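There are two complexes below, and they share chain A, which is joined by chain B in the first and by chain C in the second.
After this line comes the complex of A and B, so read on.
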């Protein structure tokens, strides 16, 4: 059971991400992403939306798979900049490591 | 409505013209039109046969009009698509050429032939249908539509925005209007909301704009606290009795209290109640109204959740969307803080659940006490919920909003933006399947939140998520209003969903089977205010078109008694399915007082139930007589046109 923690979207603003809630989970980014991997990047974005920090930290390796090709940013219908969100999540993960 | 027998001619003299349509290949790809035409020349009475790529086109219609004008033909058969589509086109063409529009018969060789048969079978069946139509055409007599005087007066039942808008449009057209509401207030549910999506207009302004003009109009008489208690008559000439009475003890208690607390006068908008035009009657009175048309604008009822549905009734922290709207409106009057408050309780997080009482699925949802399920989408709750969600987030930034939906259906102009706005204001969305709705329980875990919500969230790959909340809001949908008394009295058609049902959802959306009775607004289906007003204007336009001339013309296809044959047995009267359409009356025949059948053509629907039972064949439906049927059948089975039963 995952506890929802909506304040996480606010925390992410400190890591340069202010589009967390814009995503409406259509999956276009996951379809266009050349990695074709486990709903990436939507899955990470969803975890960010509901503030499932543990899930993000457990799966941190995925964040470093991103190629920065920018295809998802170009195609996201909500202009949620999914690729940038991935970068922001990396900064969050690194920051978390520094602190612990 | 006299008997027009006198100008009937011997049938053998009729000159029938047959016009066969290719329908641009729709027909001619499967039916050999040339062959049908060649066969048609052999049909008794047929003097001219023509064909065209599109008979409904101007040049196609010209063919018929020319032949009528120069007297070549005086009966017309067009073989083309379904009669619903174009029989009126061809009747009008005949009329423009100076002929009587009722000397026309239609053969459907598209839906009944080319779309369902191929090759010789198609061509042969088309030939037989044309032959039957021509046989009937020889028997057709010129008819005149009935003219019935019509009262230039309309009664609008229901004073929500549908009723207000209809009444106003009618008055502007110069018609007199009686506007009736069972409550002491005008405005309906609209008056009980706060700001209207998607424009964010205060409802006070919307209702005041309409009701203000209604109350100022000399053409409109408003009756509040009133209900229709008797109904009779027909289009143009309805008679209604309405009973005006003090509201029952606890009815409209809240609204009446708001009126007296507000210090507002009659005719002024009272928030969350509406406009009370002129006090509340203390005694019961009745009024008789003669009216030409009736607009039904009786509206809807918000779904009332069952006890225990999402803990509704069990936990005071579970409320409906209408209740939330009311609370937010009252809060605004008091001034707002950074956290939403209900009864001095700070709401740190609120869960809003969509589709409560809508889109119910057999086998998954529990039917109500009468065994009904609301299988339809209520169409307004998604937008109303998201509008309220953004309002909470914008006015009370410290209140979190969790939104649980099955689908987001913010379908109209400016409504998708409500969804985006809600995302922008950081509403968190969760999506559930119908068979796994969110579970509301008392919170026994962390924090001092009273409730806890668990959901299997399809957006998070079916993972189970959980969150504590201070408030749960149920986005209840719309249900049909309780108007069983009107349905019973006026024999109104009700759809499987319980709402009133139009004749045709696309082509005749505001009419019902009873002529002269029209639908406006949410008595027909869930609509938002804009759609409600469109429907209301549609109903008003229809009513003024019907009554504008001061008389109505009715199709002449009604029963007619042949007094030379009628023996007054009354068998037909017993068979008639429409009250008042057929009766036995006393009359003088050859100096003798006898009883004979008499038709009220304004009420007769031309169903033919009487024709089937009369032992003397003394009653017939004009334009569809037994003789005409017999001739059609004779021609279908005859081998004069086609050698054997090939079709």
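After this line comes the complex of A and C, so read on.
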């Protein structure tokens, strides 16, 4: 069972992300991403929106596959900056490692 | 894939102790300026960010990283931070190929040649030329990045540096966008090719530009090198993914997963090859990767410097 934290979007603001809830999961980011890897980054953004912290921490390796090349940021129809959200999630995970 | 935690720990430790991601020390890495007559005062300071100088070392270490990726040895990479920095320094001196060091130095000298030909009043102070810390930012260690950025920004500010000329997209982005945001210290930052201003003619050459992601999208500077090529009468044949829609060379994943880098690089090289023209790179990471795949590639500065005689 996955525990969700709806206030996680607010927590992510502390890691430089204020667009978590802007994404409407259209998948343009996953289509343009050079990785072409299991709905990345869309799935990760969905986890962030519902606050599935455990899923993010379990699948942390996926975050570091991101090249931060910016193609998804350039093409996102909602200007939700998917690449920057992934970078914010990396900061969240690094912070978690350092605190635990 | 390497565990990013280990890689971040090693890089952060190296940068904290030596201000250099490989722990080799800036004096060991930064020797390109020796023997040149660059002034130490002037209007704008050349700030290389040491990325071109690190190319020969990156080339050698990547071979090792590739060898141990997804093996049991990969779990011991964090031990690197306990290797004495003197050993790392010796490692740099002996590991990095002389030929590669010479090629990196030649790129920086070509940039200076272009700036001098353009009558730019530049100066250089090697002791103020630091790595920007961008890798820590990219890997998500914001705390480590800010600490280093504050150190570098304050050093430059204390020495009265206001105008900076950069040579690569990553350092340019760090100094132009990230330093003001995270340190509150601003500089007037321009990359070297924005300052190229002289006349030359060539009616025969044809090239294909590979735009780095940071110049193409984050800094929106892709039109600048194209305007220089137009001015010199050099034909540039673009691939579909260029400018704002350029495709990554795979370099950013190199420290965590060289196999992923290889996969992305192959895709990019495939599309660049379609034009059949020699490729010009503008970033040490892109250049190193394209050289690794045996592409017909050279740095934009080296190509342009032939017109600065």
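Please note the rule applied: the second predicted complex is superposed on the first by the 100 of 100 C-alpha atoms of A that agree within 3 Å, B and C clash if a C-alpha of one lies under 4 Å from a C-alpha of the other, contacts with A are read in each partner's own complex, and residues count from 1 in each chain.
Assume a residue touches a chain if its C-beta (ideal position, glycine included) is under 8 Å from a C-beta of that chain, and two chains touch if they have at least 3 such contacts.
Bear in mind that the values here come from a model prediction, so they are computed numbers and not experimental data.
Asks: With chain A superposed, do chain B and chain C clash or fit?
Replies: fit
Asks: Pick one for A:49: touches chain B only (first), chain C only (second), both, or neither.
Replies: first
Asks: Quick check on the superposed pair: does A:78 touch chain B, chain C, both, or neither? Answer first, second, both or neither.
Replies: A:78: touches chain B, not chain C.
Asks: After the superposition on A, what does A:4 contact: first (chain B), second (chain C), both or neither?
Replies: In the superposed model, A:4 contacts chain B only, not chain C.
Asks: Give one of first, second, both or neither to describe whether A:25 is in contact with chain B, with chain C, with both, or with none.
Replies: Once the two structures are laid over each other on A, A:25 reaches chain B alone.
Asks: With both structures superposed on the shared chain, find the angle between the C-alpha centres of chain B and chain C as seen from the C-alpha centre of chain A, to the nearest 10 degrees.
Replies: Rounded to the nearest ten degrees, it is 130.
Asks: Enter the shortest inter-chain Cα distance between chain B and chain C once the structures share a common frame, rounded to whole Å.
Replies: In this superposition, no C-alpha atom of chain B lies closer than 24 Å to one of chain C.
Asks: Sort out for me which residues of chain A touch chain B in the complex.
Replies: Listed in rising order, the residues are 1-4, 6, 9-10, 21-25, 39, 43, 46-47, 49-50, 52, 78.
Asks: Would you tell me which residues of chain B are touching chain A in their complex?
Replies: 349, 400, 402, 419-420, 423-424, 426-429, 431, 454, 457, 459-461, 463-467
Asks: So in the complex, which bits of chain A are touching chain C?
Replies: By the definition above, chain A touches chain C via 15-16, 34-35, 60-61, 63-65, 67-71, 73-74, 87, 90-91, 93-94, 97-98.
Asks: Where on chain C does chain A make contact in their complex?
Replies: Residue list for chain C touching chain A: 1, 3-5, 8, 138-143, 213, 217-218, 244-245, 247-248, 250-253, 256-257, 260, 264, 267.
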